[in-house]
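In the two complexes below, subunit A is the common chain; its partner is subunit B in one and subunit C in the other.
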Partner chain A sequence: MTAAAELVSHNTLVVALGVGAVGFAAGVVGSLCVLRKRALAGDAAAHATLVGVACAFLATGRRDLVTLLAGALLAACAGLGVLVLVRRFTRTRDDAATALVIGVSFGLGITLVSGLPAWGFANSAGLEQFLLGHTAALTSRDAWLLGGVAVVAVAVVAAVLKEATLVAFDAAFAAATGWPVTAIDYVIVGLVALMVVAGLPAVGAVLVTALVVIPPVAARFWTDRVGTLVVLAGLIGLAAAVAGVAVSAARPGLATGPLVVLAAAAVFACSFLAAPQRGWIARRADAPRAPAAGWNSGAAEGGP
Partner chain B sequence: MTTSPRPLVEFHDVTVAYGRRPVVWNVDLVIDEPCLFGIIGPNGAGKSTLLKAALGLVPLVGGEVLFFGEPLARVRGRVGYVPQRETVDWDFPVNVMDVVLMGTYGRLGWFRRPGERERRLARECLDRVGLADVAARQIGRLSGGQQQRVFLARALAQEADVYFLDEPMAGVDVRSQERIFGVLDDLKADGRLVVVVHHDLRTAAEWFDRVALVDRRVVAAGPTSDTLTPDNLQRTYAGHVDVLDDLAQAIAARGRTP
Partner chain C sequence: MATAAVIAASCGLVGTLLVVRRMSLVGDAISHAVLPGIAVAVLAGGRAGGPLVFLGAVAAALLTVWLTQGLRSAGGLSEDAGAGVVFTTLFAAGVLLVGLAPPGTHLDAACVLHGELAFLPFDTVPLAGWQVPRAFVAGAIVLAGLAIAAAGTWKLQVFTAFDPAGARAAGIPVGGVTIGLLAATALATVASFDAVGAVLVVALLVAPAAAAELLTRRLHRMALLAMGIGALAACVGYLAAWQFHTSASGMIAVVLGLVYAAAAVFAPDEGLLARFVARLRLAWRVAREDRLATVWRAEEAGDPAAARPRTPQESLVVRWLELSGQLAREGSSWRLSPAGRREAENIVRSHRLWEAWLGRHADLPLDHLHPPAEWVEHHLGAAMRERLEADMDARAADPHGREIPPEA
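Showing the complex of A and B:
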């Protein structure tokens, strides 16, 4: 079969749609995550997923997507739980605790996934594809599952966008006016864990955070409104995911994940350069009216 | 607003700690009528902590705070809050109107979005703080004084009976200060209580009807002219040599106040 024929085959098309939906939802959920300044929590969840994939396989002997992703979701939540515990009981700072969870859980995950064949689990081959993502093995049933998860995630964001925005902007005011800030934070981080897991087959554990973080950061260049940001980030995620699937279908040797991330990075680069007002060129041309620094430029206005 | 049979705000033996380190302790304070009430004291005296504790943002180690004779959870809708301006990221992708509308969220509850009634209210509140013409502007493109007035407008949109403001004059230009105090005066005239954490002694004497001098405990509280005495100020600011100059000016300013 030629590359062109493979590109348009029914299965590839369905997979592209399913992964595209995941890309959209990842951008939407990522917007809340980045606005709440929790981008690294997603990375901790992502790196913990491999442990879950391996354990799910060990426990059930099955390697269908639902089983493996269910394990990944459990592991992602466990990783976030460990992160909270490390912060609370060892008084380790947030960044160090996150790096610790990322490193340890990833080391454990790699050991398990790469060790399984050597320990006699011959049919475990393929699990390592969750490392960098590989859409060629996905069936259209898998794609429908991923698409369904994406729809649920987007629906939840649409429902709680008002509350999540309030907490992300001013948690103290939200708490003072009676909103359960911690519960809303759990919803945001839970959605991030869900999208990290849904992005796992296509983008892989190492890079899936990029699919959550890059689209909202790129979208921020184009808009000053949360609602627009969320939709735009979704569209960027969608475009990046579909581009990655298409290129890796045409060039089967290439893993999908890096392609998806590179596509998103290309959008980021264009946004950074060309966006009106916040883009680099516009700011150069408009130097006297220097715009406020913020999370795009890395200068956070920290409170006490 | 009808006068409550119970005091508007009561602190009873309130103690607050961060970890094991007590920050303020044994605070007893009763505010029983609408007024402009200043919480005054040196930096690090626990003024903001006291205010946050009252709002349930910092847990109490001991004691209780009552509003209208009830715990906060039962009357949250009647308590407005203006946090310190530096606590939020002003590059956040919202405009002025979006922020003011956040004041209506408490009343709206889960899932309901602001409608025409909320937008009208938000526009009125922006008008009262003099920012009607920048409603569509991203909040990072405002001056510090304008940002503070956005926060005040958001609190106005809460339509509360008691307002807590945390250092609303910090980093704010004189024009915005006057505008803010104009709004606070109107609130008082309208029968609301306004409690302001404030560290500038020079302006405290002329702006507040009543004050509490706080240095980890309440040193003195009452009508401003009876409370801002040289003796009380010395006791509050003992060990804060850097403010002795302010102190002298405050006492001088008190002499000028009718």
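Showing the complex of A and C:
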């Protein structure tokens, strides 16, 4: 079987590990993000990354991963910046502002990427990979880069976990006791932007939000403790990413992104149904009409 | 181009209701989630733009909403997290299904993401002797259907949008109205699908409505405006894309973004520019009135030196007042013209009346009376001054013992 041979090849293995590390970090960062109820902030950043990829290519003419992802990170931050400006200076509400940034920035990205060949950049083929993710083209050097970003992100989360938890559960109390709530929020959103960019090569701009949202939501069914939640979300992200890369390596025609997302969704479905206590079946058996507890309620650590 | 305009108009109409109901992200979720519905319908033998595909898409849209609600009530997820799980999963499934579709079924991954207006003219149906693109026919039918539905149920939609509790109490089936709106969203999305792709539909849905919302406060005007903006942006974007050799759907989204930005800056009442100008005019009026009052007070105190401007800004104001005939230079000092005096007296009168009123009712120490009066003096009209004076039982002095000038 050539597929099996390729599955264990060195490059694939390293790529799977690198992308897996990103999956882990995305789950960890996503936990903070979802606890803080900012689940879709990452989506705006994700759709904006395409502009950055295209602009980085336009500006440098190079298409190595570092250059493109640096551009993507700048664009993600710019997208979030526009979001903040629209909220601050116009009557447009949050949801419309988010949808606006998603649609328009993605449109700009598509315009640039589709226009590049006609504008004389013949070697721009391959930028479309960032739409749906494609790990087959990644080298082991790229994988080390992704792994490094993941380690940094996890380290930052470990450093701010206590503060971020406090802000997520009781922002008013945190502000009253003198914590810099806005700064912590910016750190969380910045981490999300970073993870969205790191997830880009594997999952693609359109679906990378899922890598940040689904693992923590699935992990929440199993635990009431923030520490456990963060680690568990990371593991789910890791498993989904590795599974996606493996299947995509075995079936080269399939884009990696959807596979990763479906793997994560499968874990979510199992958690939703089968988790003890919070799972649907357990609660059905327990108390047929009990309303579900909210996300930030229950015996979660750090609660007020 | 006509196809794009027709589609954009339907999206603008639906988007208006989504935006005012704060459901923009539901629109985003639906536009992603219709993909598996379309893919299944195509695999089952439907053709793009055909009724089966519409049915599949509407079913997928309702499934999205149902799953999101279900996760919220049965899983305790917040709405955005639930939507984030559902639409990404469905979209991923859709992309894989499209990948499985046999070649030649008019579906491919790139097309799904950002559509391809350029290919539409090749898929035509004969209509009244003309070869008309199939997508245009579908789009026109959807637009007509949506317009009729909107006109017929407008009052219900508006009532539900602005006062859901009241609507429910009045016996309106709120859930049904909402599902109607969602189905309409799905229809508009599917009609747009061939032309602009799944991800860019959200720009068509939200951007025209958000821009229109900045320009007007009447809902029906907002809907018409959103349709117009959408159609216009579609035409401009299409031409620009042709000019620059790039994706028409992407360019339409970019044009919509520019329209929104222009609306945010130049909107007549609430644009950044209008607000900036209004602020500037207020600051200028305050500066002028303060200057006149200062000269008047200097006269009252018999100290002409106090009327002298101290900063460049104050000199500028004095210059303006001289030109407009409210101040006249007299040696090293200034004199109020009759018109300037009238205005100055009203300002000082407002100031002192307010101080007197505050001192009487608010129990503030004497030295706290001046700052609020300094602000309020610019905003009291003659009628207000009259009422304040009546309340004061015609005392002629402020708390500092200075005379309150009579109304000029």
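Simple rule for what comes next: the second predicted complex is superposed on the first by the 288 of 304 C-alpha atoms of A that agree within 3 Å, B and C clash if a C-alpha of one lies under 4 Å from a C-alpha of the other, contacts with A are read in each partner's own complex, and residues count from 1 in each chain.
Basically, a contact is a pair of C-beta atoms (placed from the backbone, for glycine too) under 8 Å apart; a residue touches a chain by one contact, two chains touch by 3 or more.
Just so it is clear, the model here is predicted, and its values are computed rather than measured.
Student: Could you let me know whether more residues of subunit A are touched by subunit B or by subunit C?
Tutor: Looking at subunit B versus subunit C, the one contacting more residues of subunit A is C.
Student: Would you sort A:V152 into first (subunit B), second (subunit C), both or neither based on which partner it touches?
Tutor: Touch partners of A:V152: none, neither subunit B nor subunit C.
Student: For A:E163, select first, second, both or neither according to whether it touches subunit B, subunit C, the two together, or no partner.
Tutor: first
Student: Looking at A:A282, would you say it contacts subunit B, subunit C, both, or neither? Reply first, second, both or neither.
Tutor: neither
Student: After lining up the shared chain so the two structures overlap, which partner does A:L229 touch, if you call subunit B first and subunit C second: first, second, both or neither?
Tutor: first
Student: Could you look at A:T111 and tell me whether it touches subunit B, subunit C, both or neither (first, second, both, neither)?
Tutor: A:T111 contacts subunit C only, not subunit B.
Student: Going by the contact rule set out at the top, does A:F89 touch subunit B (first), subunit C (second), both, or neither?
Tutor: Touch partner of A:F89: subunit C, not subunit B.
Student: Just subunit B (first), just subunit C (second), both, or neither: which does A:F173 touch?
Tutor: A:F173 contacts subunit B only, not subunit C.
Student: Per the definitions at the top, what is the overlap between the subunit A residues touching subunit B and those touching subunit C?
Tutor: 37, 291-295
Student: Where on subunit A does subunit C make contact in their complex?
Tutor: 34, 37, 39-40, 43, 47, 86, 89-93, 95-100, 102-115, 118-119, 128, 131-132, 206-207, 209-210, 213-214, 217, 221, 253-255, 257-259, 261-262, 265, 268, 272, 278, 280, 291-295
Student: Which subunit A residues qualify as touching subunit B in the complex?
Tutor: Contact set of subunit A toward subunit B: 35, 37, 159-160, 162-163, 165-166, 168-170, 172-173, 175-179, 220, 223-226, 229, 291-296, 300-301, 303-304.
Student: Given the complex with subunit A, which residues does subunit B contribute to the contact?
Tutor: 52, 55-57, 73, 76-77, 79, 81, 83-84, 86-95, 98-99, 102, 105-106, 108, 110-111, 113, 138, 140-141, 154, 158
Student: Considering the complex alone, what residue numbers of subunit C touch subunit A?
Tutor: My answer: residues 19, 22-25, 27-28, 32, 71-78, 80-85, 88-89, 91-93, 95-96, 99, 109-110, 113-114, 199-207, 209-210, 213-214, 241, 244-247, 249-254, 256-257, 260, 264, 270, 272.
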